[in-house]
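Note that chain A is present in both complexes that follow, paired respectively with chain B and with chain C.
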Partner chain A sequence: MTLDSSTVGSRRRRSGARGSRAGLAFVAGYALLLVAFGVLPTGYAIYFAFTDAGGSFTGLANFVSTAQDFRFVDAIGHVALYLLFWLVSLVVFVVGLALLLHRLSSGSISRTLRFLYYIPGALAGAASVLVWLFMLDPTVSPVGSLLGMLGFDTFGEVIAPGNLPVLFTAIAFWTGAGGWIVVMYGALNNIPHDVLEAARIDGAGAWQTAWHVQIPMLRKWIVYMVILAFAGGAQLFVEPQLLSLASVGVAGRDYSLNQLTYDFAFQMNNVNGAAAVSMELLVVSVTAAGFFVARSGFFDAD
Partner chain B sequence: MTRAPHRASRQSHQPVRNASYRLLTGSVLAVFAVFFVLPVLWLVLAATKTDQQLVHDNPLSFGSWDALLANWDALKGFQDGAILQWLGNSALYAVISLVITLCVSVPAGYALAMTEFRGRRLLLVSTLVVMLMPSATLVVPLFLEVNAAHLIGTMWSIILPYAFYPFGVYLTYIYFTTAVPKDLLAAARMDGCSELGVFRHIALPLATPVIALVGFFSFVANWTNYFLPYVMLPQDDQMPVQVGVGNLLSSVPQFNPTAGSLAVERPQLALATLVAITPVLVVFLFAQRFLVSGMLAGATKE
Partner chain C sequence: MTVNKPPAGREAVSGKRRAVLLAACAATLVMTVAACSSGGSSGKTTKDGFAQAAQSDGTLTVWVDATRVAAAKQYQALHPEVKLDIVSYDGDANGSNYLQTKVQLFNRTGKGWPDVVFSSQNNEATWAVDAGFAAPLDKGLIPADTLKGFAKGANDVCTVNGTVYCLRNDLSQTVLWYNAPLMQQFGYTVPKTWEEYRTLGEKVAAEHPGYLVGDAGDSFAPEIYLWASKCGANHITGPKAVSVNTTGEDCTRMATLLDGLIKNKSMSISGVFSTDFAKNEADKVLLMPGPAWFGGAVFRDTLKVPEKTIGVAPMPQWQGDAEPATGNVGGGTWLVSQHSTHLRAATDFLTWVTTDNAYQAQKSPGFPAYAPAAEEWLKAQAAAGYYAGDLGALKDASSQVWSGWGSGQFSQEAVWAATVKPGLTQGQTVTSLLPAWQDSIVKHAQSFGYKVSQ
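Showing the complex of A and B:
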């Protein structure tokens, strides 16, 4: 090592130390919250998953007993099918609609439409389910005739088990898509105008520009949307729970993994079993996230 | 196009293609507008009807102002104006959490994107992981943790978990990495600006769009959260309006045949849902100026 390079090295270290201290100060508050409300509860979940009610270590007993519950495999199938519908429809329609909106020459129409698409976002959670219970009941629904044409004459027929993945997808899309369209539209605005202009001069039409220029530049945001939607979808809970309430337990009871979790925790008084199922959900999410992160170059921004 | 008559020149063909393309685009956008808006429109009109009218009248007809007033009086009468108390609670919880979220997550996202410090990558990865974890998974462990801290039944039991908002940190991080050039900050440092000065005078003004975006999503998430307050704040007078509306739902005989003498009619429930979502809509209208102006608003164009 020459004298020269070591001086450069030490100067770099010194400026790095300055940035390092400042960086730590900027993240301190957030890091505190992360530990208190992210790490600590996760630790609790892991602890409970591997112990019994008395607090002694039980190995995998909680995982085995919950997996042997007769509702467990069905619930996995339900959630997986729902996730498939939900993610595909989200990616195709959100990206498609954002691109169409971005191409509109009239700014005020585009703005109005984004607002209209977003409105259901305000009904997230219990409110959206409630509205859709009405929408799916042919006696009061504004699309009752449409339901009739599809062969559904009663609420019971509409909420038949085979229809539930599609219905939950519709509810989730109705509430969630507008927000993502706003985000995606913002990301499209971020693409430098010269890039689009260059594509146009090279003779690219709307399709080619979208496929070869805009969508690749949106990739980071699309991956981000998919990961979050996956996480949200995997915890499917409010929709089947309220549906089961409204149908007096006929549809949606013990439908999703999270419903099982709450059943274990609050009905069967088995917090440790609930923690075990929660941990399984957690592992699935993190694995999927790792896959997306690796494939998308998520952390390449540096 | 393949069977284009030879007399037709390219110029005369273009408008036809253009028109059919515009028609297609227009109808796709319009169909989705109906999908997103129709249920909301129905909800608004439902609040102006009696329960009789809801079932027998045209689903998209207006009831009467008298019925609306009667519904509002009945709603206010439910547990002596509980609805107003719930709205106040929601506002208090959502706003305090929002302020804490912005104060901690904007500096954190900035530091993750623009500075180097020990543990940066660890923080980034754990942010992503916690963000991906279904929040419902942590409800039971959070309950145990907050219970141990003797905060159950206080507003901090939901405000602090709300304030921890990794999504906001990630949005800020991704905004700074993609839209603010590092050179800009390096130049300011070269001019002798302190790290805090760089953040306050250079980064923060550029970050206005993302602050609006984070604030907006955080407020909506706080306002619409159902399960956490349901577990943490069991008393009626502490409920946010989402949980309150859920309470109303179980007092509607059509959904819960055992509702008894305190029965709430369906149009009153529709009105309560409307009232509960209004603040989120108002905030969206207010924030739209920022959202629409794009993510960077020309800050680095010159």
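Showing the complex of A and C:
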């Protein structure tokens, strides 16, 4: 983290002695858990990624052998396409809906909508995917007629390979976007009222205010959302895995990299290969996060 | 049949075990260090063909699928002195790999293995032996006389390098199920050959559109039709070796037959367990080639067909084929853990559950693999009077399962589901998908380290 401490620091130093001890205590608890459940397992995985079953060093052999697996390149393609759909829809719709929510003058409608947006997020991940499995089966779906109008009469037609990125995006958006809309709404409320007032006096309409004032001031929140959504999306697992169980393997088996990792570890008894693929996912996610942080000035002090 | 090289497997396992123990210690440092000493190999004695842990009294842990819970409960009722912990899991149905996943984790932690496990898959021996989980059963645990009682070839899927590592629960030979009153009403006779079957399918499509002569929509469809047609798609030829040829004549003529019937809609592609089938096609079944367990699991329990309706006939054969052949869909197996500390109780349970008439003949929903129990089972089914006519075709089929289709570590059902099923849904023909099917089988087999000849 980079902080310009020359001006801020000196002013805070005096009152900081007692506060920092409490802060340390809080951070220590977090750091301990981070080491136990974040750093150590990661180190363990790195050790596995570069060794074989017997524990001897193998260099990049695990990376090469897993990359040569016939499902690997397909899985990368699947995840990349899904990420594209998911991130674009997330940014566009979350920001759009949050702006709409913010403009609604009536408090009760706004409150009701916020609640509605958030409800799906309150369901645990796997449970909400199960809800969708019912939604997508025309025979039992409450919106079966809608699916029929789109030309889908059987579950098999709905889950055709070409539809999967859209389906997974819809499921992920439904389960995950509500929380972000509420966060964005909170961030919008943090924009000082006088700034918006000034924009209004200068003659900016709703569209111009949103585009030139609100969205630029939300930039950090959007970047924050994209970083977390990217990391989460790259680890796509629950949606295809449950779909594959529900469709008896017709769709979603070996779809994502994480599923491939799972297969390596538990089906093919190749934990080292699984660790290697996990490493690759970690590197990609960290690199992407680093890129976004660097480009957006995420950690710069205001 | 599955064969393996034990020395290589053992070495890998023990080497891995060491690494795993080491690493497990490091990872759990924060929580506990003491646990790391358990899992060592102290106190083992070699008996019955494997190193046994020190035996003790205690609770026998049994893992079963939902259907087999009844068996475990019945055992408990008959043997109240045995402390039984019945755990129900998904039975590895549809290639879920739950058991394999858990055993890998237990191997890592060095504890937690169940004593006896039921699996609805019959390829468990292909990994459970390498994983050091399945105990050899024919080296002292189960008497040879008992093993001899199983139907011919029943325990082939449990045999690795000549040693039996699991016992078959039920056989799943395929037969031709039919709706007797409906056949009579329409004035049809049950086809004996595939040629007659095709003709009948065309007749049904013309005279009684909507009625079905079969279903090819399930992931196990190739095991019903292509296996019975002696298609060489899955010939396990040796230790980690498989021969795959999906475009031979035995495959293509069955594929062509299926395509014709799918096209005229006398063959469904929904799958008998799909919501679609239950809702729209349940009362349209005229004929249905399928495994022995279709009788109870599909017709009686899922489709709720009334009694005295469903009859069973031999699987059709190709005209002029001297040797009758049939397919097989699953059929569960029972495994005993090498790590069990209650081997005597485990063996007793295993013997009871696979051979005793009280369960296998009276209660088992499937066709018992243990021949004497199967005889009694047939009598019990006849007495119960659900089926129309006798069940002799089931008994005949039990020894006719074609041996050229094996049980490898890779799941044929998963391959078919992911490769052929989506194409069928989109209107492609089975014939046009055969090369893609072969390609997919080859890739999956190779990824499990199989040597593939095509």
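The rule we apply is simple: the second predicted complex is superposed on the first by the 274 of 302 C-alpha atoms of A that agree within 3 Å, B and C clash if a C-alpha of one lies under 4 Å from a C-alpha of the other, contacts with A are read in each partner's own complex, and residues count from 1 in each chain.
Everything below uses one rule, namely that contacts are C-beta pairs under 8 Å (C-beta built on N, C-alpha and C of every residue); 3 or more make two chains touch, one makes a residue touch a chain.
Just so you know, these numbers come straight off a predicted model, no measurement behind them.
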First, second, both or neither for A:Leu281, with chain B first and chain C second: first
Which superposed partner A:Pro142 touches (first chain B, second chain C, both, neither): first
Touching partner for A:Ala36 - first (chain B), second (chain C), both, neither: both
Partner chain in contact with A:Val166 - chain B first, chain C second, else both or neither: neither
Chain B versus chain C as contact partner of A:Ala265, first or second or both or neither: both
First (chain B), second (chain C), both or neither touched by A:Leu245: both
Which superposed partner A:Phe48 touches (first chain B, second chain C, both, neither): both
Which superposed partner A:Ala234 touches (first chain B, second chain C, both, neither): first
Greater chain A contact set [chain C / chain B]: B
Chain B versus chain C as contact partner of A:Ala80, first or second or both or neither: neither
Shared chain A surface residues [contacts with chain B and with chain C]: 36, 40-41, 44, 48, 139-140, 245, 248, 265, 271
Complex contacts: residues of chain A adjacent to chain C: 32, 35-36, 40-41, 44, 47-48, 51, 53-55, 69-71, 137-140, 154-157, 160-161, 245, 247-251, 253-254, 265-269, 271
List of chain B residues in touch with chain A within their complex: 21, 25, 28-29, 32-33, 35-43, 46, 54-55, 59-60, 103-105, 107-108, 110-113, 115-121, 123-124, 126-138, 140-142, 144-145, 160-161, 163-164, 166-167, 169-170, 174, 177-179, 195-196, 199, 209, 213, 217, 220, 224-227, 242, 245-246, 249-250, 255-257, 266, 269-270, 273, 276-277, 280-281, 284-285, 288, 291-292, 294-296
Touch list for chain C against partner chain A, complex: 12, 15-16, 18-19, 22-23, 26-27, 29-31, 94-97, 100-101, 104, 127, 130-131, 217-219, 269-271, 273-276, 279-280, 411, 413-414, 417-418, 421-422, 425-426, 443, 446-448
Residues on chain A engaged by chain B in the complex (per definition of touch): 16, 18-24, 26-27, 29-31, 33-34, 36-42, 44-45, 48, 93, 96-97, 100-101, 103-104, 111, 113-127, 130-135, 139-144, 174, 177-179, 182-183, 186-187, 189-190, 206, 220, 224, 227-228, 230-232, 234-235, 237-238, 242, 245-246, 248, 258, 261, 265, 271, 274-275, 278, 281-282, 285-286, 289, 293, 298-299, 301-302
